[in-house]
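Going in written order, the chains are labelled A, B, C, D, E, F, G and H, and every chain counts its residues from 1.
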Amino acid sequence: MHQETENLGFARLDHGRASRRGAVETIFCQGKTPEQVAAIFERFAAHDGAAFGTRASEEQYRAVLEKVPDACYNQLGRVIYRGLDKVKKAGRVAILTGGTADLPVAEEAAISTQFFGAEAVRFTDVGIAGIHRLLSVMDDVSACDVIIAIAGMEGALPSVVAGMVDRPVIAVPTSVGYGASFGGLAPLLTMLNSCAEGITVVNIDNGFGAGYSAAQICRAIYKQQTGKETNP
Amino acid sequence: MHQETENLGFARLDHGRASRRGAVETIFCQGKTPEQVAAIFERFAAHDGAAFGTRASEEQYRAVLEKVPDACYNQLGRVIYRGLDKVKKAGRVAILTGGTADLPVAEEAAISTQFFGAEAVRFTDVGIAGIHRLLSVMDDVSACDVIIAIAGMEGALPSVVAGMVDRPVIAVPTSVGYGASFGGLAPLLTMLNSCAEGITVVNIDNGFGAGYSAAQICRAIYKQQTGKETNP
Amino acid sequence: MHQETENLGFARLDHGRASRRGAVETIFCQGKTPEQVAAIFERFAAHDGAAFGTRASEEQYRAVLEKVPDACYNQLGRVIYRGLDKVKKAGRVAILTGGTADLPVAEEAAISTQFFGAEAVRFTDVGIAGIHRLLSVMDDVSACDVIIAIAGMEGALPSVVAGMVDRPVIAVPTSVGYGASFGGLAPLLTMLNSCAEGITVVNIDNGFGAGYSAAQICRAIYKQQTGKETNP
Amino acid sequence: MHQETENLGFARLDHGRASRRGAVETIFCQGKTPEQVAAIFERFAAHDGAAFGTRASEEQYRAVLEKVPDACYNQLGRVIYRGLDKVKKAGRVAILTGGTADLPVAEEAAISTQFFGAEAVRFTDVGIAGIHRLLSVMDDVSACDVIIAIAGMEGALPSVVAGMVDRPVIAVPTSVGYGASFGGLAPLLTMLNSCAEGITVVNIDNGFGAGYSAAQICRAIYKQQTGKETNP
Amino acid sequence: MHQETENLGFARLDHGRASRRGAVETIFCQGKTPEQVAAIFERFAAHDGAAFGTRASEEQYRAVLEKVPDACYNQLGRVIYRGLDKVKKAGRVAILTGGTADLPVAEEAAISTQFFGAEAVRFTDVGIAGIHRLLSVMDDVSACDVIIAIAGMEGALPSVVAGMVDRPVIAVPTSVGYGASFGGLAPLLTMLNSCAEGITVVNIDNGFGAGYSAAQICRAIYKQQTGKETNP
Amino acid sequence: MHQETENLGFARLDHGRASRRGAVETIFCQGKTPEQVAAIFERFAAHDGAAFGTRASEEQYRAVLEKVPDACYNQLGRVIYRGLDKVKKAGRVAILTGGTADLPVAEEAAISTQFFGAEAVRFTDVGIAGIHRLLSVMDDVSACDVIIAIAGMEGALPSVVAGMVDRPVIAVPTSVGYGASFGGLAPLLTMLNSCAEGITVVNIDNGFGAGYSAAQICRAIYKQQTGKETNP
Amino acid sequence: MHQETENLGFARLDHGRASRRGAVETIFCQGKTPEQVAAIFERFAAHDGAAFGTRASEEQYRAVLEKVPDACYNQLGRVIYRGLDKVKKAGRVAILTGGTADLPVAEEAAISTQFFGAEAVRFTDVGIAGIHRLLSVMDDVSACDVIIAIAGMEGALPSVVAGMVDRPVIAVPTSVGYGASFGGLAPLLTMLNSCAEGITVVNIDNGFGAGYSAAQICRAIYKQQTGKETNP
Amino acid sequence: MHQETENLGFARLDHGRASRRGAVETIFCQGKTPEQVAAIFERFAAHDGAAFGTRASEEQYRAVLEKVPDACYNQLGRVIYRGLDKVKKAGRVAILTGGTADLPVAEEAAISTQFFGAEAVRFTDVGIAGIHRLLSVMDDVSACDVIIAIAGMEGALPSVVAGMVDRPVIAVPTSVGYGASFGGLAPLLTMLNSCAEGITVVNIDNGFGAGYSAAQICRAIYKQQTGKETNP
């Protein structure tokens, strides 16, 4: 295994991850000081060229900018990243949202999908309360390799989508809702109990995890086709 | 208020309910001895002509039969009843089930719908994993006055149905499922958090409650039309 | 099915809903930016004449006002709306609250009832701790077509009301309370487990859902009576 | 403090409890072998004259009978006891049940009330779905010193009762119900969140605890009145 | 029943409660506007002489003061009251707290105890982590008529206390703690499952409910002795 | 969409699923009568050649055998199936179990993997309590296309595995455990909160869902490589 | 690390654990067939001399006996073991139980304590409802090196004990109780939230885990004293 | 027992704890006013020389400083303390964290470990997503006497660590995470259900409790070795 690490005292960077796992280690920014985020980001950028931080505040981004001037920030998705332009993309991921309020999670999923090696195709506000909206885009959805279905409230979107196509569906419950949603517990349970086959689930609001897994599957599909890794 | 009661010692019968609420008091048989059920059923049959007991075992039914020989038993729905043939029915209630395993709850809903004054029209196994099954019956469903949508697992059926019609939808979560269904909690939360308007919810596996409320709405609709109660 | 949609990029408007479901699509404002709410509201107002947004902040309302000068705002109920004056109202909905702190939910229920086509009659602070307060208004309550019973804390109001009349009761648990209320879970469970027949339940604090369903039932009652839709 | 103990190896009997707390130690029979129950019961009977065991099976009772031939068994309440005839009773406790299925808990409460020193007056099946049943007995209920209100399902009985009288109300949630009752959690939360003053709550199905506390209050009332303990 | 009510539009005052239940209706201030609290408080003060509001903010108190200049405010317990000096007190209630952070709940309990008719005797910081602190005050505690035991974290105080005396113990769980306390759920469950007899429980942080019930029991004890109500 | 259905009254078979979704509809046997299972199985076998039923009892299998004599039964995995020998398999799925007690879920996953089109390679009892067991098989695990990681108790296996390879990991929590496992809730939450990227989760004990999704990904990989579907 | 393993197909034995961790691998028997348990037990007995299986049924023990005739069975604690007589014991562990119904968990803790290298000293039925029982044994308890405190219901025993001594306390919640105990959740939360320092907690009913950890600490204490491992 | 107490009115100080339990009473600062904290801290400092307060804000520290000028504050761990320089330290405690965001809890654990008598050795950011980071430090970890393993998210670190060494592992779940972490519930359940022996658990974010218990074990080890207490 590739196991090179770098110890910053407050963090131990896993520089072997890119060669071991096909992707640089992701920085979970929440709960870290801006200085910690900046120091970690700088080291990854220096060592791997690429760096990727989720759940990042603007204050954390400003600290990063001072050390890595060409770092980018996706405000809606709250992601700091560098090196996206170097990523080779293979395959396409459809990203569906039940409603407009799910957009931040969708944006995190989209930027993650791209960073980890696939194209992201967005289908916004296709929730099941007006199912013809969903039906009208299903041809385009089916043309993608993997589907990410994001929904809050009752979270039924993944079930309906999975029933119509032969594509892996990654379901993302969101905390959009109120009352008996219990912070996203309701759509989480919905998705775990789906009667439609072909659905797997990630944590509440975890657009990053969905994007990562979707891109990973795409890389596997097209690596097989071309006989080599997409991002060496 | 009509308030005539009869005290059996272990139970206090509410004989005024038929005139006060438009329907005889329902006997909740679970947790009662067969002798208690039989005694209560006999008194209602004698006083009101009609009687209705839910969650009834076969043993309880046999005890009832000894005292009320023309009592009927719906085995699948676990309901003992008498006087259904005298009920005037007004309006129609569509009863949809997500899957075959939901049939006992659907049967309880159907017999309750009929007993409390409306026609029951069944649409079985129209779950959303193959949504064309549902779409193919929606014209017939829309022709009913009220819709009861019954589903276990992720419980998304009511949301999809409500999004397509202008009919009150009563959602019934069932305990069909396993694991993170937590005995029906998952579909219950799904239904409470529905993003489709026009849905109200009853307790897990409560086919009776759904049937009662659906019939009550039908009676209201057609009482208005005819200017009088359907079951005097 | 009427399926006309309009894609704003961040939202996909369901303009067919009024003809398909008898009512314009409701805008769930929570989690949307003021600009998004304003753009969506403007398009519905332009296309359907009427528009309705729930859980709306004053800031969102101000953004709407710039685009739709005659939009109205119900501050207590947090609803933005337009076109209420054109609504034909059929039937009456009794809106009962257990206590004064439930008033915001009641107001959302009342304005929703009116917007979707029925009269709203308020009965405030008739909680069961002093049951004669409730008993003294029951004659007026019974004269309505549908009853919405709103309560926090132990949430027993719907059970007591439903036991006295033959009217559909829609129960709304509220998050009013503390400690073991767990944000409204306590009254939600109370209402779902009611021993009184004729009760259906909506999500915690969901006055909108209750008002919508109550009006929908009223429309069905009076459409049946007169042979035509109330809001063409 | 009176602290005499007797060590049986598997149990350590608290013979000082009668003088220290005014009542003999209660044996919680569930989870003990019949032999253990019998040995403990015999020692209490020998030492204190009185003995009291809750949640006892018939098999445990038969084992007790071999050692203490005049031990009694309340089958419905599942209580083994001896010495009840020697108890002086002071004050009266009203025991109300919401429905017939709550009777086992009520019986445990009644026998406990009597054993620990007060009269038990039963009011069966006075649930709130037909509130006139409750209203019709309230005069007799008010004439008691303490009220035990037992209910499953939504558990609203204590709130309604407490709102009408100036008597301490001890609320007992039962596991009667199904679905979202979650084994009695629903009525437990209802009772804890009651908006009516003067209610305190015991564990689900804990008729014993309610009876003990109710009798304890009665003993305090009448000891004060007469200037001496009721059970010396 | 005494049933005089006064309808303020947003509230329906129960002026019959003092004669019906022995105490004026309590105002639950949380969730009401300062104006609403002030209007309600003024009407009770005018009609009954006494008034009592819980969970009141300073802002609400200031609004009350403008209408009722002699209203008092207990800042720690967050209670507004008037007429405490007229209350006849009978019996004594011991109020025990596990730790210093439980003091606000204890203060609410103490002022409620006094207002509803008994003396309050405080025993602060006698938690079980140093049990000799508790043992050293038990003689004084036993000399009271009723015991209120308040504790957060693991909430074991009531069990230990109840095991040592023959007095009714009212247990109050508090939200003091963190992590797996889950806002007071941990001590609530502890108290409900107590193996010591003679404990009843109120809602989390509900010092008011405990004080009301404790005073009610004291009134019952001394009413019996003196042959008349303590607060006519 | 391929939408051919067959209505058996108690079930509505989705014969279009094979062409629409690449796999025949799965029969969820739990909660169905043996007769219902047999009738459904027979119709699928007749129409599609292949049939697959999960959570099937031996009694259900015997009923199937009478109608479909060449139906097979996987006793450990509780699966009835027919047509497995006709399946073309593409790619390999590693199936890892934390302990021996997880084997029934692993078996359901393995037979599902095979039926829906991939090879299943088992790695049993490689839980993290002795991590060298896991490390010693990681080379073979990495050589597979998709990884299914099955674990009960604390459910940490998927996290450790995902951290070492660049393969999609599908995590299956099992109900193996006791106490605070709460029927599999503990490992479910563990897996949803994994800090290792590339993990998606299915329902508790849902070996079928994991096998289906893993095979679906494998089919996508090799379809892409060869330019045609694996199971036409 | 010592990493010798043996692959039985359905299990992968960790023979290096004794030298790596100071104790043989424990067999979790629940969910395994008698044949699997017997085969695993035999291999450990053959390789390590010692073997230890928890949560074992009598049927599993009988299967073991056929292969390992000198295997022993602790029926109350449900443990199969071999080689206990060879264990060197260092230090003493006090095992306290709140009540008689906790004895099975205590027995599992005691046999585990002994097998993994320490003496077990039992103190039965010293629950806090009669705290003098506990106080009377505290001198003997303090003389031990580590304390295991086992309790169901409210689970307050560990808090009271830890407050009196300077010894590590390992708390074991049990599922003894009913209603709001929720299968041991109540005492689990109690113990986690203890206000007394020096308490750590294991899973519900996990006597084994407590015994293992207590013996491990004892071994550490006396290894330090003697300069060598106690069980080489 | 040493039982000297000092009553400040709002607090009752347990000055006997140092001699009875080997350590001064800890002040739980959360929920206390700055003045209360300062007064308590001053009294302990005056009486015992040492004082220790957890969950302390900077405002509370400033109030303490006015009364005890040489009091120290650990900002990250939120601990106020005095007298640490006098502590004799025996043994070493390894403190492992899964990620950088767990550092505040680790700091509380470290300062507590030191104050209560042992050395603290930190191993930061050794979470299992890159297990070689953990493996690379295990030799140093094994050289310590006790291990504290701190982790949020899925909380699998303690299981992996415990499987590799023969040292007591104290597991601390943290609230680091989001969504289905439910405030630390997920890692708490993970740790309680660990399949690796030798793990005990403390409350969520309870670094103090872990440090206290770890130091207590170290003191026991070295007291045994040297024949005397480490902190007289």
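Keep this in mind: a residue touches a chain if its C-beta (ideal position, glycine included) is under 8 Å from a C-beta of that chain, and two chains touch if they have at least 3 such contacts.
Just so we're clear, the structure is a prediction, and the values are computed from it rather than from any experiment.
Centroid distances built from C-alpha atoms place H farthest away from subunit B. Subunit D and subunit G have Cα centroids lying 36 Å from one another. Remark: subunit A and subunit F have CA centroids separated by 25 Å (rounded to whole angstrom).
Annotation: 51 Å between the Cα-based centres of subunit D and subunit F.
Subunit D and subunit H, compared by their mean Cα positions, are separated by 44 Å.
Among all residues of subunit D, those that touch two or more other chains are 1, 28, 99, 129-130, 163-164, 179-182, 185, 188, 192-193, 195, 197, 203-204. Pairwise chain contacts in this structure: A-B, A-C, A-F, A-H, B-C, B-D, B-F, C-D, C-E, D-E, D-G, E-G, E-H, F-G, F-H, G-H.
Put simply, subunit G touches subunit H in their complex at residues 1, 20-23, 26, 28, 145, 163-168, 170, 188, 192-193, 195, 197-204, 208-210, 212-213, 216-217, 219-222, 224-225. The part of subunit E that touches subunit G in the complex is made up of residues 98-99, 127-131, 153-156, 159-160, 162-164, 177, 179-182, 185-187, 189-197. Interface residues of subunit F, counted against subunit G in their complex, comprise 99-101, 103, 124-126, 129-130, 132-133, 136, 176, 178-182. Within the complex formed with subunit A, the residues of subunit C that make contact are 1, 3, 5, 9-12, 14, 16-17, 25, 28, 30-32, 36, 40, 55, 173, 175, 183-185, 188, 203-206.
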